[in-house]
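The two complexes that follow have chain A in common; it is paired with chain B in the first and with chain C in the second.
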Partner chain A sequence: MSETITKTLDLKGLSCPLPIAKTAQAIRDLQPGELIESLATDPGAVPDFNAWCTSTGNVLVEQTEDAGVFRFVIKKQ
Partner chain B sequence: MATMEATFEAPAPARLEHVPHKKLVIMAWSGDLDKIWPTFILGTTGSAMGMDTTIFFTFWGLFPLVRNDVHITGENWMQKMMSMMNRGGTEHLKLGKMNFAGMGPAMMKRLAEEHHVATPDELLEVARDLGVHLVPCQMTMDLLGLSREDLIDGIDEPAGATTALLEAQDAVTLFI
Partner chain C sequence: MLVVTAQGYGRQGYAMGTDDRLSLVLFSGTDDKLQAAAVLTVGAAAMARPVDVFLQYWALDAFRADRILKDHGVSPEAGPEGERAMRDQGKTHWSELFRQAKDLGQVRIQACADSMEMFHITTDDLDPLVDGIWGVASFFMEADGPVTFI
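For the complex of A and B:
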């Protein structure tokens, strides 16, 4: 990816609602257009990050899975 | 490092055709651990989603806001007795079912720890940081003889049913 990631959050092992809540806390420090990367292992994070972006207007620009770790790259609105 | 990185299909989020609700109001009536827990989970999440979130704590729901180091509350013997039978604070909550004289909550807390589920205290901290309004019911405070000093820091000024219902008028409202 060409754009740089401003912040990476290691949320592995955390259960609902902390992956979302901690991402919401951390994204406050970003400027609009900057990217945050969240790494989670909670399978519920997959629909939840999609729902959260739908609700907040932040853009889920990338989501991948590697060996049970879900990676979400979100652009702040 | 070559890793097997797969792009996966997430379920498509529901498209919002309507104007999404921007407020969440939860009436926290129960002080049971298994009810106050989802109350804090939903409140925290609502605020994380950008919803203006308020939790009103009324009747038994007010006990979780009592400081953990406060043992007996109340001004008269009835209020004091009630606080002895139903000690406040997040560390002293009982389960709505399978309490088994405290064994149930102990097991539940251990399971939560093993599965990295945030405790009510942790959620409360996140909720406060995300700006969730935590409003104690004034009438319940009077009824139970609870003073502002008996309650934890970082909560809003006590209010009544009218304030609660005014907030609820244009909000998603849950009674837990």
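For the complex of A and C:
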């Protein structure tokens, strides 16, 4: 990925709905177009990050999973 | 002040025409139910939905400044095994979740005037999470959609 990630959040071990809440909180400090990366282990994070992005208009540009850690890259609207 | 919008009457101070408000009435004062209510509130706030929380009876008692962090027990249906499972999960305390929800979005926590009278307490006795006192009529003026009772 060519774009730079402005902020990374380590949300591993947190349960629903904190990964979303902490991401929603942190994205406020970003400028539109900037990227935030969230790392979570809560299985609910997969449907939740998709729902949250759909509902708020932020764009989920990347979603991967590695050894039980879900990684979401979100572009601020 | 009421403003007529395409979708009906909106309230001043909130986005006009939004009908996605979450209106929660908290009656129970046990930690499991307050935890579940706090999770719903944070989730709704993260989704940019306004939330009104109306505290009655034992839920209001749990929001008293001097006992908010004390053990409030769990619902009878939990049983000892259910209580252990909940405590072992080690979730963030419900009061902290409500605090985060208020920081995230439009969340109002209001005490029921009648329950305040029942306990003979004033707003000074309540945790600062509580924004003020509402009567039932004030609550229903704001909650023009479905109401969830916990």
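In the analysis below, the second predicted complex is superposed on the first by the 77 of 77 C-alpha atoms of A that agree within 3 Å, B and C clash if a C-alpha of one lies under 4 Å from a C-alpha of the other, contacts with A are read in each partner's own complex, and residues count from 1 in each chain.
Here is the rule we go by: a residue touches a chain if its C-beta (ideal position, glycine included) is under 8 Å from a C-beta of that chain, and two chains touch if they have at least 3 such contacts.
Computed from a predicted model, the values in this text were never measured in an experiment.
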{"item": "Touching partner for A:Q25 - first (chain B), second (chain C), both, neither", "value": "both"}
{"item": "Partner chain in contact with A:I5 - chain B first, chain C second, else both or neither", "value": "neither"}
{"item": "Which of chain B and chain C A:V61 touches, first, second, both or neither", "value": "neither"}
{"item": "First (chain B), second (chain C), both or neither touched by A:N50", "value": "first"}
{"item": "Chain A residues touched - chain C or chain B, whichever exceeds", "value": "B"}
{"item": "Overlapping contact positions on chain A, where the chain C interface meets the chain B interface", "value": "15-18, 20-21, 23-25, 51-52, 55-56"}
{"item": "Touch list for chain B against partner chain A, complex", "value": "3-8, 10-16, 20, 41, 44-45, 47-51, 115-118, 123, 126, 129-130"}
{"item": "Parts of chain C lying in touch with chain A, wherever the complex brings them together", "value": "39, 42-43, 45-48, 89, 91-92, 100-101, 103-104"}
{"item": "Touch list for chain A against partner chain B, complex", "value": "13-18, 20-25, 46-47, 49-56, 63-67"}
{"item": "Interface residues, chain A side, partner chain C - complex", "value": "15-18, 20-21, 23-25, 51-52, 55-56"}
